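Here chain A shows up in two complexes: once beside chain B, once beside chain C.
Our next item is the complex of A and B:
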C-alpha cells in the first residue's frame, strides 16, 4: 500500500492522459479538464506546506540563534502583515484603526513565535501575545472602517494588498534583477576575451545584440545593426535553441515514460 | 551593535521619516500619508538592495528577508482567492458559494452509465490535498505520496505527448525548410542578387544556416560517437552556432537587466525625488 498504490496511481493517471490525446471524445475532454483543476487544487495544499515550512525554518533559526536570526522576524512579520492585507478590505474612505489592527496581529504572531522559541520567559511572551490578540479582537469588533471580505473580486483588489505588491514586492524584485547587470558585466569581462574563434563569436554576437538598443548608433550605422541583431536572434540563435529544445523534449519524453512505467521512483522520497 | 552602525541606522531612520513627511506634502488625495509612506518604503528598499554592490549589509538582508515573507504571503493570498474561492468553492457547495459571494456552478458529469455530481468530483482533490498535509505527521506521512503520485503521473502523461509534439515533432518539421527560396534559375538569381534583409540570397542563406545549425548542434550533443573526422568538424560548427546563441542570449539578458535598472532609477529620480519630470 505504501509503495505499490502510488505507483499504480502514476500508471493509471499517466496512461490516461497519454491515451486521452488520441481519443478526443467529449467525455475524455471533460475528465482531462477536471484532472487539470484537481492538480491546481492539490497544489494549493502544497503551498500551505510551503508556508508552514517557511515558518518552521525561521522559528528554528530564532530558537537556535543561528546566523542572521534577527532577520527571521522581518520575514515572519512581512508574511503575517501581507496575509492580513490580503484578507481585509476598507469599507469607506476612512482608515480608522486599521493600521493599529494590522500591527496588533503582527505583534501577536511575533510574540507567539517568541514564546515558542524562548527557553525562558515563555509566560511573559504568551501574555503579550494575549494582549495583542485582545487588542486586535477589540479593534476588529468595534471598528467599522474595515472588514474581512471573502469575495474574489474584492479580496485581491484591497488597497493595501495591491499597493504593498506594487511598492514592496516589485521594487525589491526589479532591483535584485537589475543588479545582475553589474555582476554579468564583470563576469563578461573575464569570459569575453577574444582568445579563440569561439570566444570571438560569443563576444561579437553579444555586442551586436546589445548595440541594437542603443539609440545613438542609429544615425551612424542606420538599420544595419538592428537588422544584423534580428538576423542573429532569428537564424543562428533559432537553430541552436531548436537543437537544445529537441534534446530537452526527448529527455522529457524519456523521463515521462520512465515515471509512468515505474522505473523512475525518486518522487516517492 | 557597533556605534557606527547605530549612527548609520539613526541617520537612515531620520531620512526615511523626513522623506515620508516631505513626500506626503506633495501628494494630493485621501491616501496621501499612506502613498507617501509606500513611495518612501519602495525607495528605501530599492536603495537597500542596491547597497549590496558595496557589500553584504544589514539593510540588504532586511529587504531580502522581507521579500521572502511578503512573496510567500502574496502567493498564498492569490492561491486562496483565485483557486479556492474562484475555482473550488463555486463547484463545491451552494451555501459556501453564497458565503464567499461567488456564483454557484453546480452540475453533474454524465457518463451514461454513471452520473457524478460536481461536489463529489471536487471533494476528491480536497481529500488528496489533505493527504498532502499528512507529510507533517511522520506516522502517516506515507499517505502524502498519493497526491504526489497523482500529480507526477498526470504531469508525466500530459507532458509526454505535449513535449513530443511541440519540442520534437514540430521542431523537426520546422527545420526542414526549402534551401532554394523563390528559385527561377541561376540567371535570375545573379541578375537580382542583393544583400538586403528581405532579399532572396539572405532568405536562402538563413534557411541553410537553420538547417545546418540544427543538424550540427544535434551532432555536438550526440556523445555516443567519437567527435572525429567529418563528424568532429560538424560538431565544431555546432559549437560555433551554440557560441553565437549564448552570446546573443547574453546580450539580450544584459539589456533586459539594464532596462530594469533604468526603471528603478526612473522611480528614484522621478517618483521619489521628483528631480526629473
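Our next item is the complex of A and C:
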C-alpha cells in the first residue's frame, strides 16, 4: 500500500495534466489552476524543509568536527542575520540598541545550534540561548529606534538588508564568478590544443567567436570575422542546440511516461 | 593624450606576451602564476583607465531595440527581473538600459520577478534609473513593482490566464484594482511585450514555453553570456530579440545612446566592462597560441626521436 498509493496518485494526476493540455474547457482550466496552487504551497513548504536541512547538515558538521566545521557557524549566523535584517527597520536616524538586538538573536540561534551539536553541557548552552533570547526580547519591546515589518516592500527598504545585499552579497558573488577568468585562461592554455582535426575546428571556432567580441580588431578584419562568427553561431551552433533541445524534449516525454506508468520509481526513494 | 595610460599598459601586455612566445619557441612552458598575473593586469588596467568603444548592434540586439521602439506610446511592457547577484554584472546593465528605454518611450512598465533575489535587483534599477532619470513618473500610474512570487513555472501558468490571481497586490501591498496602470490587465495576453532578464531557471525558456507560445505575446530577453547560445534557437520565431552577456548589453547601450540624445551622458556600465573583457580575450587567445606552439614543438621533438 505504501508503494501503490503514491504510484496511483502519480498516475491519476500525471494522466490528468497530460490530457488537460488538450482540453480547453473552463472546468478543466479551473482544476488545473487549483492544482497549480498546490504546487506553489508545496514549494513554500520545501523552502522551510530546505532551511531545516541546512541547519541539520551544519549541526552534523559541527558535531563531528568535519573539515571546515568552523565555517558552519558563519553560514548559520549569516542565515539568521539576513532574516533579522529583512524584518527590522530603523525608525529614525538613531540606531539605538539595534546591533545588540541583532547580536542577541544571532547569539541565541548559535547557542541553540551548539546545544544540538554538543554531547555535553547541553543545559549550559540552552541556558545561554535563553539569556540571549530574553535580552533580544527586552530590546525588541523597549527600544523604539527600530521596529518590525513583515511586508516585502518595507523589508526591501531596510537599511541593513539593502546594504548587506548591495555591498556584501553582490561583491561576494561577483568575485566568485570573476575568479573563473583566471581558471579559464589557465585551462585554455593547457587544454585548447590542436591535437586532432575536430580539436582544431573547435579551437578555430572559439577564436573566431572571441574575435567577434573584440572592437580593437574590427578595423583590421572588417566585417569578415563578424560574418563568420554569426554563421558559426546561427548555423552549426543552432543546428546542434536544436538537436539537443529536441532530444531533451523527447527524453522528458519518455521519462514522464515512465513515471506516470510506474516504470520509473526512483522518485519514491 | 587621455588614452596614453591604456596604450602603455596594452604595449606592456603585448611585450610580455611576445616574450612568452619567444620563450615558448625555445620549449619553455608558461607557469600558471604568470597566466594569472597577465589576466589580473589585463582586467584591472581597463577598469582603472576605462576605454569605451562604440558598439554596432548585431541584428538580434537591434531587433529587441526596434521591438520596444516601434510599440505605440503607452504600451504595456512586462519586465521580469529573474536574476541574482552572480548574474548581476552582466544582466543589471541590460535591465537598466531596457527599463530606461521603455520609460523614455513613454510605455508603461510592469515589473515583477520569479526569483527571490530579483526583488533586490529591481530595487537597484528603481533607484538608479526610474527615480533618477524619471523623477516625474508616478508609481502605479507609469510603472509598478509587482514584487516576487514563489512558484516558478506555476506562477507563469497562472498569470497566463489570470494575472490578478497571482498578484492580488503590488509589492507595496496596494490592491490590484487600485493600481491605475493595471486597469484592463486580466492576463499576460494583455501585455504588448514581455521582457525576461536573467539566465537561469525559471527564466527566458519558461517564459517562452508557458506564456509566449500559448498567448502569442512577443517576448524579448537579456541573458547571461553563458546561456545565450542555448537560447538562439528561439530567435526569431519565439523571441523578438536577445541580448547575450556584456557584449549584447554594450551594443544596446551604444545604440540607445545614439538614438536618444537626452541620454548621451547616461552611465554605460556594459560599454565600460567591454574593455576588460576584450583585453582578457586577447590575452587568452595569445596563451592558446603559445600553448599550441609548445604543443607542436613537443610533437616535432617526439617525431625526431
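Following the convention adopted for this analysis, the second predicted complex is superposed on the first by the 258 of 269 C-alpha atoms of A that agree within 3 Å, B and C clash if a C-alpha of one lies under 4 Å from a C-alpha of the other, contacts with A are read in each partner's own complex, and residues count from 1 in each chain.
The definition used in the following text is that a residue touches a chain if its C-beta (ideal position, glycine included) is under 8 Å from a C-beta of that chain, and two chains touch if they have at least 3 such contacts.
Quick caveat: nothing in here was measured; it's all calculated off a predicted structure.
Touch criterion met: A:236 reaches chain B, while chain C stays clear of it. Look at A:162: by the touch rule set out above, it reaches chain C but stays clear of chain B. By the document's definition of touching, of the two partners only chain B reaches A:208; chain C does not.
Once the two structures are superposed, chain B and chain C can be ranked by residues of chain A touched, with B on top.
In the superposition on chain A, A:126 contacts neither chain B nor chain C.
When the shared chain is aligned, chain B and chain C each come close enough to touch A:188. Touch criterion met: A:30 reaches chain B, while chain C stays clear of it.
Of the two partner chains placed by the overlay, only chain B lies in contact with A:259; chain C stays clear of it.
In the superposed model, A:103 makes contact with neither chain B nor chain C. In the overlay built on the shared chain, the residue A:172 is in contact with chain B and with chain C. The intersection of chain A residues touching chain B with those touching chain C, taken from the two complexes, comprises 37, 39-40, 43-44, 47, 151-152, 156, 165-166, 169-170, 172-174, 176-178, 181-182, 184-185, 188, 203, 206-207, 210, 213, 230, 233-234, 237-238, 241-242, 244-245. Here chain C touches chain A in the complex through residues 30, 32, 35-36, 38-40, 43, 53, 55, 58, 84-86, 88-89, 119-120, 123-124, 145, 147-148, 150-152, 154-155, 157-158, 161-162, 165, 171-173, 229-230, 232-233, 247, 274, 277-278, 280-285, 287-288, 290-292, 295-296, going by the rule given at the top.
Interface residues of chain A, counted against chain C in their complex, comprise 29, 32-33, 36-37, 39-40, 43-44, 47, 151-153, 156, 162, 165-166, 169-170, 172-174, 176-178, 181-182, 184-186, 188-190, 192-195, 203, 206-207, 210-211, 213-216, 226, 230, 233-234, 237-238, 241-242, 244-245. Listed in rising order, the residues of chain B touching chain A in the complex are 30-31, 34-35, 38-39, 41-43, 45-46, 49-50, 52-53, 61-88, 99-102, 109, 111, 121-122, 124-126, 128-130, 132-133, 135-136, 142, 145-161, 163-164, 166-168, 171-172, 174-175, 197, 202, 206, 209-214, 216-218, 220-221, 238-255, 257-258, 260-261, 263-264, 267.
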